[in-house]
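Here chain A shows up in two complexes: once beside chain B, once beside chain C.
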Partner chain A sequence: MAPVRLSNSVLGSFRAASRRSALWRRACLYHSYEYNQAPPFPPAESAILSAALAHVPTHGFTSGALTQGARDAGYLDVSTSLLPRGVFDLIYYHLVTQRLALKDSVQFLAEGEKGKSLSIEAKVRSLTLARLCANEPIIHRWQEAIAIMAQPTYAPDSIAELARLADEIWFLAGDQSVDSSWYTKRASLSAIYSATEVFMTQDTSKGFIETGKFLDARLEDVMKIGGFFGAMGDWLDYTGHSAVNVLRSKGVRI
Partner chain B sequence: MLCCTRTLALASLRSAHIPVLDFLAPSIILYSQKSRFHSTPSPIEPPANPHAEAIQDEKPPIHHLNKTQSDFLDSALRVNQAGELAAVLIYTAQTPPLIRSHPHLRPLMKHMYDQEAGHFKTFNELIAKHRVRPTAMYPIWHAAATVLGWGTAVMGREAAMACTEAVETEIGGHYNEQIRVLLDWAERCENRGEDLGEHIKTLIKELRRIRDEELEHLDYAVEHDAKEARPYELLTNVIRGGCRTAIWISERV
Partner chain C sequence: MNMQASKTLFRRQLLGGLKWRRTAREPYRCFSCSIRHEQEPSPSKFPQDTAGTTHFGYETVDEALKEHKVGAVFSSVASSYDTMNDLMSLGIHRLWKDYFVRNLNPGANPLTSSSDPEKGWNILDIAGGTGDIAFRMLDHASTINNDAHTKVTVADINPDMLAEGKKRALATPYARSPRLKFVEANAEKLDMIPDNSVDLYTVAFGVRNFTHKDVAIREAFRVLKPGGVFACMEFSKVNNPLFDAFYKRWSFGAIPLIGQLVAGDRDSYQYLVESIDRFPSQTEFRDMIQEAGFLVPGQGWEDLTGGIAAIHKGVKPIR
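Up next is the complex of A and B:
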């Protein structure tokens, strides 16, 4: 019987998974272009969790969805109790796979092709909207998911995944910053994304138009604040340099 | 909402580096990683494709970096960028006071500054390309390096040169260490019959060039009476200690 034969190998992979969860949450981001990155989940878990996601619209993020998924993938029902973090693994699977799907789901006109290419801010907006759209099939269950993610046990992993999403969006938008603005950009985008995601869970407008407008308003706020601090920084810089240069011209040895 | 047409930009980036292996034997690339140790047998067998065998005989497979190696590259690039930022700012801050009292040093300072700016640009590009996190201490190093450069220049020409000597000694040793590690990887890969990859080979070349230029700056500094600075021992030891601390912190934070 196929499910029974598979259970031994599944047990093995699930035991290894709890040791391996640290590998999945790699802090290091060094990205090599010379070989493909390994798939983030081993085949057995991938099969169960992807099947389980199909049941989330009906069952929600519950162990019921996981059980249905295990059955659909041809494993025993009890296999799901070996997932190290239970239902959170299902949410995590959704987060990771949707983040990795971004680079294939959104393509931008290459520079120099016909028509104007977008600015980085516009690309960030498109990518964020694309990622929000990926939540559409399960948006009516997303509030439970957020509640589970907010639990103290799972909050660090959720926040790390949010940071990775922000990094992915900026990278795909073509951001080349390598100074402290690397941090401020990702922090602000993480805040905007999570606020918009929560807004979307209670948005009832057609095609989530209100969510789009909410996102535009938040992005504009960030531009204004960024613009203000940038201008202040420029002014301080200029005033400081001018003061030093005036003193030097008066003969002060600095 | 989404404005897109299919573009080759992203696809060509990925396939440009392994054009043959990518479509002939993708599973070999995906599942030959050493870091995967789960016990479930992989459901995808490597294809029994005579073409794949033939290609593999001609070109050794690309070595997949394990976690230790990725972490090393991550922190190495981060530290190097921080170091070059500091170097650029030290020269920027040292130059005006120094040039006012010793105008003949202008060409030397410009030459050293240009080389450091080139190094900084190299590491900035590498960091952006490989998605490495820059150091969180960036604004602090910015301020500290400016103060160090200005302070030593105000103390005098010898002190400024002693500062350069101290910093370049530390940096030279630091780059040597990195090159040693990368060459060790290269040797292990050769023993295993794998290819280290173009990026890392280029990185080794770049690091060697940059290390040589830093040691050149060290020589210039000593030539220009760095050892005449008073108090030489205190100044040099404080600066070298500061550099070592900064390197240690930047590798982690």
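Up next is the complex of A and C:
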């Protein structure tokens, strides 16, 4: 008995250790409540970038903003060489920090506490709006950022970051789907988010009411399309089975 | 008697032949063992394997001798330097140098820098004798950033290369301006440059020839201001094995030949390709920069033309 237990405990501790190291290594690949994620940018870079973001409303997404940021952070003009992708690093910093800030900026009441809790769709809507509002201070410069993100060199990173944002929103909304809708949900939210973001750069209404309306309309479209395809799927499934059964009743060996 | 003599002679010849065959025989080696591999002195990547010696191409030479030998190489190639570079790299070295300078974006734009006590950047171009990088830096600062104050100090250990640079400077607007200065100096002992005084330290295709690379990088760390940048462009390792095979063929086959035909100096260009092959890989050199205390941006280097050359950067941390 004893050797068995020993081997079990040894095996167990080994398993735990290996799992921990694997988790530590892939900390960025999935959500974990138990392990703190490493900060996404090294300290020197984030000092320059966060200072540079303050200059974006006046200088736009340009190397001028980076230079000003480097000076504010106590560095020299030349220190912007620390950012290998230049202005895109500034945009990327904004995207990543705003995505990570989402989990602290939007809080939902715990389920069942107040009787009625928000539906997942409503949570997705408020999270998306919260993320869009984070662009508000720099929205008049955001078209420059979109142009830079669309450059072929940077497009893969930008699209990956959009996918991560969509994933973050669905995760924070409490979506637990494990079927193919996992993909369609994220894909459709990515499309909606990017469309709404572009709409917002042209929105002149007070408090971006029009952007909110636009977002609602797009979400509604997706519900309708999703409902249509869902019903279509049900109908095809039913008709297919019926056809097979009819054929079987006629003696066809299927 | 005669018969006897010829017999012994024949035997001797046979014996001698056997003996000869035995000495010339290859050392024992089969595919499953590595005895032969161990017998050969393995070429190591870093200089300073044993105290007092370093590498000069594939040769191992006395440390004191390397400086002298490199000096001889560059003295002999100084006048045909540009023609040779164009022929060897098919003109691509100009694109690399342009990109290197454009990416560093030298010069403080007076429109964005409102209240700066010290105007312009202080750039130190090491091993830049012919002024290739220096003139590009000054051109970029003046025309792109409208900065008429950025200074470049060109330092080179070789007076012949400096003379070539001074000659070329006469054709630029910077020849008699205080913005361009030529200094004869060893990159490992920059005594005339005070601590924390340089914004940007550049060395393009020079680190390879230093006797002690680590000492030179530490010296760069000393002269740079906190936040200053060490930028180095150097030949490196090609990533794609297919392209590497082609590149090796070109560098070992064509370059010494071009050197012989155009510059009349095969040995110098043989040294050039050997020293390129000897230079540490991207990751090794990145680690050397980090060891000196620099922060490296991103992965630490940027490959040019599939890794034939690479730009390494390091930023001196503040505080």
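Keep in mind that, in the parts below, the second predicted complex is superposed on the first by the 210 of 254 C-alpha atoms of A that agree within 3 Å, B and C clash if a C-alpha of one lies under 4 Å from a C-alpha of the other, contacts with A are read in each partner's own complex, and residues count from 1 in each chain.
Basically, a contact is a pair of C-beta atoms (placed from the backbone, for glycine too) under 8 Å apart; a residue touches a chain by one contact, two chains touch by 3 or more.
Just so it is clear, the model here is predicted, and its values are computed rather than measured.
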item: First (chain B), second (chain C), both or neither touched by A:95; value: neither
item: Chain B versus chain C as contact partner of A:67, first or second or both or neither; value: second
item: Contacts of A:84 with chain B and chain C, given as first, second, both or neither; value: second
item: Chain B versus chain C as contact partner of A:167, first or second or both or neither; value: first
item: Contacts of A:59 with chain B and chain C, given as first, second, both or neither; value: second
item: Contact breadth on chain A, by residue count: chain C or chain B; value: B
item: Touched partner set for A:254, first chain B, second chain C, both or neither; value: first
item: Partner chain in contact with A:44 - chain B first, chain C second, else both or neither; value: both
item: Shared contact residues on chain A - chain B and chain C; value: 42, 44
item: Residue numbers on chain B that touch chain A, as the complex places them; value: 1-10, 13-14, 17-18, 26, 29-30, 33, 35-43, 62, 64-65, 67, 70-71, 73-74, 77, 81, 96-97, 100, 124, 127-128, 130-134, 136, 138-139, 150, 154, 197-199
item: Touching residues on chain A, where the partner in the complex is chain C; value: 42, 44-45, 59, 63-64, 67-68, 70-71, 74-85
item: Complex contact set, residues of chain C against chain A; value: 103-106, 108-109, 112-113, 121, 199-200, 225-229, 231, 295, 297-299, 302, 313, 315, 317-318
item: In the complex, chain A residues that touch chain B; value: 9-10, 12-13, 16-17, 20, 23, 26, 28-36, 38-39, 42-44, 103, 106-110, 113, 118, 126, 129-130, 133, 167, 171, 176-180, 182-183, 212, 248, 253-254
